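Here subunit A shows up in two complexes: once beside subunit B, once beside subunit C.
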Partner chain A sequence: MQIDFSFQETWFHKINPSLKFIFIVLLFIGLLFIHNINFLINFLFAPLLIYLFFTGHPWKRLCLIAIPFLIIFITSSTSMIFFGKGDITWFEWGLVHISEESFFRGLHLGLRGFVFAVLGVVFALTTRPVFLFYSLMQQLKLKPKYAYSFMASIRLLPIMVEELQTLRYALKVRGVQDYKGMKGFYKKLKAYSIPLLAQSIRRAHRIAIAMEAKRFSIVQNRTYYYQIGFSKVDLFFVIYFLIFILLAYLLTLYMSYVNIEDVRYNGN
Partner chain B sequence: MTTITSVRNLRLKFPGAESLLFRDFSLSFRKGEKVLIIGPSGSGKSTLLQVLTGLIPNSIEVPIKAEKIQVPSSWGFLFQDPDTQFCMPFVDEELAFVLENLQVPQEKMRDRMLHYLKQVGLHLEDIHTNINKLSGGMKQRLAIASVLALEPEVLFLDEPTAMLDPDGTKEVWDTIKSIGEDKTLIIVEHQIDHIVAFVDRVILLNDQGSIVADGPSETVFKENKQFLIDKGIWYPNVWKDYLASTNKKAPVKSVKEEDRPSLHVSKFVGFRGKEQKIAIDNACVYPGEWITVIGKNGAGKSTLLHALMQLVKSKGDYRIFEQKYQEIDTFTNFLTFVFQNPEFQFVTNSVYDEIAFTLRLEKWPEDRIVERVNKLIEIFHLRNVRENHPYQLSMGQKRRLSVAAAIVKEQPILLLDEPTFGQDAKNTFGMLEQLEQLREKGTIIIMVTHDLSIVEYFATRVWTISEGRLVEDCSSLVYKNKNKQEIVL
Partner chain C sequence: MKKGLKLSDILVTIIIALIFGLIYKLWGPLYGIVSTVGLHAEQLIYGMWFIAATVAFLIIRKPGVAFLAEIAAAQGEFIFGGEWGVTILIYGFVQGIGAELVFAAFRYKRFNVFVVSLAGAASAVASIILGFYYGYAGDLTLWNLMLMFGFRIISGIVIAGIFAYFIVAALEKTGVTNLVRPITTDDYKALD
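The block that comes next holds the complex of A and B.
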């Protein structure tokens, strides 16, 4: 089975993968400390613009990927909206208690999840694993042992998908029915996991031997086929986000969508 | 001549095995020799290659003891499975992996890559090509190219063509012959037709890993014929001897006017996802026919079987016993399927349960199940292992079990996807005989295979698939006469 995953290369692909990785992780951590929903709404545009215009993937694929985003948004916000604490009650029905505070806190949580998802997907869509690991080896001195193990395992994934398909056919031919309930789940888990694991372990073992047969383990200093360094694009990437953070901050100071600066509940 | 690699008084024991595999085993190879190592499965052929290269015990931890192991100063190892030799997704990146290991400066890499690819005859438009897009034969040639990058004096080849179709096999051996001229080649292989004339020394091992014979190929094969037959090892003319000893005649199935087809397809199309992969204009299949489906890898042979089994989507008219396929609820009442990898079909924890599985689903009374399962266990020689877990069986036993479990319900149509793949001669003939008995009783056998000897001596009819179409449908006799020159025994 071949999955076509072609795309246009954009400036975002040319960013040094290690830098991109670290910067996005920093953004993740920073976002955890943002409690002002106005700022979060403003900042949201930074990753969203990149997602919509600079990943180089076709629109249809971007729309498909967006569906889980929305699910994340809805599920993470509704539970807080319905059951969160708050004093200014809007609606109450049994366990469900929607208050102004819980509503905005829920919205905030949903948006945060949404920003996380967009940033993560932007990274995944614009970074080839091979470049990421070459960069990690060169810039962050990741041991080749780990880098190549990861790259080899990525190669195994499509083979496993194909195998899963064959296994499904085989079980169907044998007349293995879909059992219901917990017992059925356990049976299914066993029927799929044991053959797949057995195959994968053997395959991983064989790849490891093949790699060592190509003198992998004895090497101390490697040369690199892909020399990954830094360029202007990296500077541009950092500035892009810094400007957006600054803009978002200024905009929050002078203009608010809702009059809340901290969505956390600190009532009595 | 100088000895290039050798072992002296080797002892080796696999953890969990009952006895030593090699007991005071000594062997040496001279520079420039082309050596073929053969022996029954489990005789330690692959293990020996791994010991000679130091992969055992450096990479694979197996307890060994030896007075001396001389590993060649430069060596390359070609493995069996094209999919587990590569750790990178693209052709250039895979070659780069080796060059990086050898610390070749980056600016010299591209020229070296092109050089090795040219040596193995891989002409790619762009060397940044996805390895998954290559055929099996091309993958193995890429593997040879990356081995050549090691500039090896000695090449170890562990069944490099076992998983390839006939075209790929020929490609790979031609490549090996052209690049191996000045090298020492140590080869383990089952399918030996292509190389018997090429090697100048054959070593025959037995189950315990001791040398039975060592010498030029003609004498080894001539003097040890009975051993080869008993142990089920492929050797030149094994088919000829088999046919002579069993007095086997090619089965002929003549269809009479009044016969009604068990299976009928017309304007039949099979899909893989949304893509049309196989089309058949019109074909009828009658009881007692043995159809071999042949064609290149990727031509659509497996998709055809999957479509007949209704595992993938299909379109057109397809009837089984004059019943339209849309009206059939349970296909498994009429058809059964044996997959290439038997392990995928196992769903229980013992050989007995495995065969009984389908009958228990059908709610047969227990005493009838016992009777039927025991009978199959006898027929398929599984009595000694009847309580074992299917995964603990040998290759041949697994294969027999998968066939036994598939046919337990005596469905009238049996589909098989390369069932003789990787089997030794004894298992192959054993299974073919069992299938022949089923056929004589009227079972229809539709079997994908690359083995033209099966086409010639067991099939009654041949379907040739090319680029997603059934291009030829004829009796095996007609096929044989037409391709007389092409069939190499």
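The block that comes next holds the complex of A and C.
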């Protein structure tokens, strides 16, 4: 089956991959210190706008990809909503205890998961893995042996998927039984991992030796097929996020959706 | 002898990480549904996230392999747009450090069930520490928190520790581990 995965190239594709990567990781760390749900809601628009308008992928595909976002939102918020600490009780039933604080904290967590999911998917949709690793080698001095190993493993992935599929059919056709519980889990894990590991390690080892012989791991005096540098777009990308962070901050100062400034529990 | 990992070590490590990523993907979604209830049943297979590190280390037995395996698993998930996005990168990073520290504490010379289980538990603990920042884990009611942590650590020990050990033991019988393991003094003795 051939899946059509064509897309339009936008300015977001042209950003230096290393810069994009580091910036997104920094955003993650920065957002860990944001406890104000109002700010988070305002900031949400920055990645969302990029997702909706600048990835260059068709609408249908974007909608399809967005489905897991909802699941992320639910799974990362529910346990906090149901079982979080809080004093202003809204609802209580057995072990479940929903309070105002726990509800908004849960919501905050859901939004957080959502923001990071969108950022991650935006990155994945607009970055070619090969360019990422070339850029990591050139800008961040990642050793070629790591970069080329990662690239080679990406190429091996389809073969592994195919093997996994074959294995599933083989187990099915031979009527291998499913056990329940932890024992079943182990049996299944073993049935799949042993043949896959054995085959793939042999293959990876062969390829690695060939790559070493062809001096893929050499560090000095390397030339690169793809030269990746910086451009104006990189500046634009950084400014885009800085403006949104500033806007979100200002908006939070003058207007709030909910009257909570810190979702962490500070009662007793 | 050159120090550090060779290209073949790196490639094999990454491949091992990707295989467990694939297996996890195969029946991972099933457990996603369970997790919405909030009782943390999904934590019981959380150890699948750590298994790449311990298996890779048991197979290759070199410093840095456990950490690299976790990074590779997270990176793979990230590059292909896994639904957890950036979060997974950071979690992979700390979990890798957790496992690596345990192996380092034993100077990369112990490969028994106990050490591997400890590494699995260490990954779980590392992810829990991050959970306090990322998931406000400290603001859950105590019983719920204990349930979550208990499940996760048990899972780390059972899956990333015990299961990983037995999987590699079974794999040794296929002979592929001889390809990638460094030569030991025992091997030289066998020649005499």
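The rule is short, and it goes like this: the second predicted complex is superposed on the first by the 261 of 268 C-alpha atoms of A that agree within 3 Å, B and C clash if a C-alpha of one lies under 4 Å from a C-alpha of the other, contacts with A are read in each partner's own complex, and residues count from 1 in each chain.
By definition in this document, a contact is a pair of C-beta atoms (placed from the backbone, for glycine too) under 8 Å apart; a residue touches a chain by one contact, two chains touch by 3 or more.
Predicted model, so just to flag it, every value in this text is computed and none were measured.
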Check subunit A with both subunit B and subunit C modelled on it and let me know: fit or clash.
-> fit
Using the touch definition from the top, say if A:Met182 reaches subunit B (first), subunit C (second), both or neither.
-> second
With the two structures laid over each other on chain A, which partner does A:Glu212 touch: subunit B (first), subunit C (second), both, or neither?
-> both
Does the superposition put A:Val263 against subunit B (first), subunit C (second), both, or neither?
-> second
Which partner does A:Tyr148 reach: the first (subunit B), the second (subunit C), both, or neither?
-> both
Look at A:Tyr169 in the shared chain and tell me whether it touches subunit B only, subunit C only, both, or neither; answer first, second, both or neither.
-> first
Which partner does A:Gly229 contact after superposing on A: first (subunit B), second (subunit C), both, neither?
-> neither
Give the label of whichever partner, subunit B or subunit C, reaches more residues of subunit A.
-> C
Partner chain in contact with A:Ala198 - subunit B first, subunit C second, else both or neither | both
Considering only touches as defined above, state whether A:Ile159 meets subunit B (first), subunit C (second), both or neither.
-> first
Applying the touch criterion given at the start, work out whether A:Asn221 contacts subunit B, subunit C, both or neither, answering first, second, both or neither.
-> first
How far apart, in Å, are the nearest Cα atoms of subunit B and subunit C after the overlay?
-> 5
Across the two complexes, find the residues of subunit A that touch subunit B and also touch subunit C.
-> 148, 152, 154, 198, 203, 207-209, 211-212, 216-217
Touching residues on subunit A, where the partner in the complex is subunit C | 24-25, 27-29, 32, 65, 68-69, 71-72, 74-76, 78-85, 95, 97, 102, 105, 108-109, 112-113, 116-121, 123-125, 127, 129, 132, 145-146, 148-150, 152-154, 156-157, 160-161, 164, 182, 185-186, 188-190, 192-194, 196-198, 200-205, 207-209, 211-212, 216-217, 263-265
For the subunit C and subunit A complex, residues of the former touching the latter | 5-8, 10-12, 14-16, 18-20, 22-23, 26-27, 32, 35-40, 45, 55, 59, 72, 75-76, 78-90, 133-136, 138-141, 143-144, 148, 158-159, 163, 166-167, 170-171, 174, 176-177, 179-180
Residue positions on subunit B within touch of subunit A in the complex are 50, 53, 55, 58-60, 76-77, 79, 81, 83-90, 92-93, 96-106, 109, 132-133, 146-147, 150, 272-273, 306, 309, 311, 332, 336-337, 339, 341, 343-347, 357-358, 361, 391, 405-406
For the complex, which residues does subunit A have touching subunit B?
-> 1-2, 130, 148, 151-152, 154-155, 158-159, 163, 166-167, 169-177, 191, 195, 198-199, 203, 206-217, 219, 221-227
